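The structure follows.
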Amino acid sequence: MSRGIERQALATVERRQPLAGEPVARACVVGASGFAGALTAALLWEHPQISLEAVTARTDAGRSLDELYPRHRVPLELEPFDAERLGAVADVALVSYPHGAAAPAVAQLRALGLRVVDLSADFRLHDVAAHERWYGAHGAPDLRSESVFGLTELHRAEIARADLVASPGCFSTAAILGLAPLARQGAIADAVVDAKSGVSGAGREANDRTHFVSVDENVSAYAVDGHRHAPEIDQELAALGLAQPVTFVPHLLPLDQGLLATCYVTPSRELGAGEVMEIFQDAYDGEPFIELASTPPGVRDVRDTNICRIHATTGPGGRVLVFAAIDNLWKGAAGQAVQNLNLMLGLDESEGLR
Amino acid sequence: MSRGIERQALATVERRQPLAGEPVARACVVGASGFAGALTAALLWEHPQISLEAVTARTDAGRSLDELYPRHRVPLELEPFDAERLGAVADVALVSYPHGAAAPAVAQLRALGLRVVDLSADFRLHDVAAHERWYGAHGAPDLRSESVFGLTELHRAEIARADLVASPGCFSTAAILGLAPLARQGAIADAVVDAKSGVSGAGREANDRTHFVSVDENVSAYAVDGHRHAPEIDQELAALGLAQPVTFVPHLLPLDQGLLATCYVTPSRELGAGEVMEIFQDAYDGEPFIELASTPPGVRDVRDTNICRIHATTGPGGRVLVFAAIDNLWKGAAGQAVQNLNLMLGLDESEGLR
Amino acid sequence: MSRGIERQALATVERRQPLAGEPVARACVVGASGFAGALTAALLWEHPQISLEAVTARTDAGRSLDELYPRHRVPLELEPFDAERLGAVADVALVSYPHGAAAPAVAQLRALGLRVVDLSADFRLHDVAAHERWYGAHGAPDLRSESVFGLTELHRAEIARADLVASPGCFSTAAILGLAPLARQGAIADAVVDAKSGVSGAGREANDRTHFVSVDENVSAYAVDGHRHAPEIDQELAALGLAQPVTFVPHLLPLDQGLLATCYVTPSRELGAGEVMEIFQDAYDGEPFIELASTPPGVRDVRDTNICRIHATTGPGGRVLVFAAIDNLWKGAAGQAVQNLNLMLGLDESEGLR
Amino acid sequence: MSRGIERQALATVERRQPLAGEPVARACVVGASGFAGALTAALLWEHPQISLEAVTARTDAGRSLDELYPRHRVPLELEPFDAERLGAVADVALVSYPHGAAAPAVAQLRALGLRVVDLSADFRLHDVAAHERWYGAHGAPDLRSESVFGLTELHRAEIARADLVASPGCFSTAAILGLAPLARQGAIADAVVDAKSGVSGAGREANDRTHFVSVDENVSAYAVDGHRHAPEIDQELAALGLAQPVTFVPHLLPLDQGLLATCYVTPSRELGAGEVMEIFQDAYDGEPFIELASTPPGVRDVRDTNICRIHATTGPGGRVLVFAAIDNLWKGAAGQAVQNLNLMLGLDESEGLR
């Protein structure tokens, strides 16, 4: 059968890759019309051991994912959110709603027994005051205690047994992966993170900021008086022993997918370049999605992969420099969500991500 | 005084370049918050013989042009449209409203005696049926007879004495300039125009089509069943003797400003490359804004200029190939509007455009 | 084990995906340092049924593919070309040398019994005069008769039993796939192909044309007096019954991967849009890598896939419009080469390409 | 007369804008085939009070600037370097040779009495050891003592009376302008400069790094173990009282022209955002090419201008943040060179730069 779009409406939709036997779990993606949600759906659609049963959207219900994202080739129709129906067809849910909108949906799904990976910020911050400062009152405070921060490399064991995982933001993922090995060693006296993000990180909403003409041939910083990913970074590094907050400034770049975090660390003790590299090698030994490089990574090196590529060294004057590159939609969102889901289901965490 | 933005609110706003003596005319720009209107305002702000007295906007009134377009450095506040006030401060108006919205505003300004250059499509088409097909009922039918189609190189004399000039669209400008010399010679049996436009041609409206992520690393055709610039092209070429319509297909490209019209002409008689070049040299001899090039032009060659750069030759099989490059915001909109205004005011048509 | 680059030198290199049992064939890529060759190597490296045994390069021998193309993650070292050694380790060779350089290498490999897919132009043209006009004297004339033109959808059966397949150029692939259904019906009176290509199509050579500053914010036509892909297009369409050559003009666009062929066909008889679509559906029914779309395709829709996405319709005035989008490095080069290799080896032609 | 290229060879070349009376000086540009040299020539070609008499190039002699840079519209032929001839036709020379090549040419021109603005690094560093470390042995050591560092805003008076001005690098210009006001106040305890540059900053040389495919959709740091602009920054800030070197890391961005320096300053005393802004307003009061903005600047805001646009504020935790945006080819090279030349000739320093 031709894969002609004209005919797809008539044809029985079929996965490109058949599942390898009975699926380990049936999944749904809630909020699949945004960039991260759509990629999550695409990854699950091709996943060898998980079946994707439903995709929902708030504003695009009734349209097919294929129409919104031809490149993903997921011929499912977006449904309005209906927790009961999702509970009937799925065991796990990946929620990719905007901050604030996610919590109530997650609460309904959890009440029906679904295990959830939430890609929003709603369950990331442990500190109530910090959450309220950046996001307002919480929509499902009772669930906060059961949620686990989903930066896989830091919380693998808890993620595996969690029922609710809060996948971190793209900036947080790169910054934390770039600084965690040093924080754990107590080696950071002070840190600056200069982050550079592609436009897909700003989401699918069309506005003055995401208009092609605003971004093309341009670069600028934004949110310089504080970005809401900063408390995630500080929360996780504090847990590793870093007392003070990092300075974090995001910049918007004229590219689609990709995020580079350039980290400037004043070390708490003198460190040579070799010693720095060793700290990172020890920290990330065996990690399937961490690549240590001998030169500064470009975001092209990790485009459309779940890999975080890191170069750590010392610069003139003894400052430690760490460069961490990810694809903001993969390791910074959808890819990490699937990585976490794999862990929760007892699968190889790389399943469906290579 | 520092040019600090903080202080500009307090300072008396001053033109960067003082006028050369008494202005020849006082101008206003109606609809200055869009890309074309804002550039029109910027060109007039620096114009040596015209003073810019007011800028208006429908949705951004109260904001300054400097805030919306820092790069233009026009520190005027956008006002709501008030024909009486504009009539009091200005002699001429450049109207850059969306199609349909322009006609009523133009009618009010004309009633107050202002001479008008309209950048919309509202007064471009002579044929009522064609206009209604593409744009609906006309908002100021009485004014249609007095309007002149503002492709400067074709209608210079009429423009000079007109009170209402309808500046053509960006696609029309490039296509007509690329085909007119051949049409006038009766040399066209059949013509295809494959047009490639930067995103600023799609306007300032933020939507799925203008989102950076939609355009970046992409190219596609649109409006393949007919684009509303096509009747302008056909109208003007018909007046030069071309009996049949051209096939015109626009494409959107991942760049900001620039438009390339690739014209494929089946000649009505055999033409050598030298003969083709001669036809163009004769047609455009002395034109200040037409450049004939010996190789295919790139849109970079004309970026931020009012120039149309053309290469005309023959390809394998005797087909005539014409490549016409313009900056869609300059020669395709604001630049040509000012060129027309200069003519209307008896000025050198290049004034303020070099 | 961490995938750290520092350590890779010490580690035994391992495929990310283990082969599914004994490989069906052992392959080598000759000329793997260019864009097409490197992607060919990357596709074979992950291929489930073919093992990649060696990669060669003329100027970068001694360096690893991982160093040149971190994104491909193929940790093999580039070797100098040594036919004997390749003959010892491989059954099939994919040759991605520049035109002219390929023929002698192919001759040596064929003499040793390897079956070859050649990505150069050296064996594409049946007509000696045409070949010599565009490429000069042929380097291995004896092999010409055994070579099969590797546009899979047109020559599937011959490719399957061939020992030497000449994979077509990127422009030819898109243009022929866009026009073949109509040519076969005798429906083309005259055709223009306006092609728009990303910069990777111009190859890895750094020169004035491929410098970022030359391409960025630019678009222009080139080779307007004849492009060497034109005779491939004409050869294949002539075989389907089209008597006269098409007019073909390539344009360079500010994007990386992607090629759009916009085809303007004067039909030899009146055709409705529905009839046109039907012709394409019949022609491509069951094709795994042809997608028929109801709207004009963007090159983003096929980026990093082996798919050719086509929209065929009629425009105003009865002209037939066909838009064919491919990734120039995939279906336009490496992907199609692997598709052909799969056929030669009796595998599902989609193997390793999804 | 048409501006047709075909005919230009026959026509007497004329400036677009006639000079305003007798020129104040006759200039030549040595090394006009690179990006910075070509723009310098273009600025002087349109300069109202300086006549451009000759342009030279090492490898492109015999070609016209119009052929290399159609967009600049300077129809002069590039000559081989001949100091005697330049001494006969010009009073001043702007030298835009690569580092190392400039010094001998400057020495010859100075010996003939021409006043020189040198855009290379050859005369920037006062410290011999630092120069030799980064650039090797000096080619004209006798001239070092007479050279003045050409960051206009810092050395206006010395530049005005200098015979040899060493215009600073693009990174240095942005970094120094961003940090000088704080350094002068003794307010910097420690500083990091994360710089983001467009590709034109890497020069016209076509290589792997400047290939479109390397840069597109990418961002990465380079020269992380030390960049040769760093000693310029340190030299100038040391003169203002900053004892220790700054950490400076450049990044390459997928854009053409533009440079953003993001400066992270640990202040030596607590500073509020208002106090920071005040320091910058006092420092740059009356500066014609410094713009203080109330939000972070984008490089688009200064494209094709000689303006440095700065936003200075405090971030969370009391760190001072300074964002300085320039066009690397204008304020970072050619524009600043002309600004300096204007000063040397007693002209308004903005002449020809608005």
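Labels A, B, C and D are assigned to the chains in the order they are written; within every chain, residues are numbered from 1.
One rule holds for everything that comes next: contacts are C-beta pairs under 8 Å (C-beta built on N, C-alpha and C of every residue); 3 or more make two chains touch, one makes a residue touch a chain.
Small disclaimer: the values here were computed from a predicted structure and weren't measured.
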Of all other chains, the one whose Cα centre sits farthest from chain A: B
Given the two chain pairs C-D and A-D, which is bridged by the higher number of C-beta pairs in contact? A-D
Here the gap between chain A and chain D, centre to centre from mean Cα coordinates and rounded to Å, is 41
Rounded Å distance between chain B and chain D, as computed from the means of their C-alpha atoms: 35
Can you compute the centre-to-centre distance for chain C and chain D, using the mean CA position of each chain? Integer Å is fine. 45
Give the residues of chain D that touch two or more other chains, as numbers and ranges in rising order. 216-217, 254-256, 297-298, 300, 303
In the complex, chain C touches chain A at residues 1-7, 16-17, 70-71, 216-217, 277, 281, 284-288, 290-294, 297-298, 300-305, 309, 354
Which chain D residues qualify as touching chain C in the complex? 35, 199-200, 204, 206-208, 210-217, 254-256
Per the touch rule above, chain A residues touching chain D in the complex are 190, 192, 194, 196, 198, 216-222, 224-226, 230, 244-245, 247, 249, 251, 253-258, 260, 262, 264, 266, 296-300, 303, 311, 313, 315-317, 319, 321, 323, 325
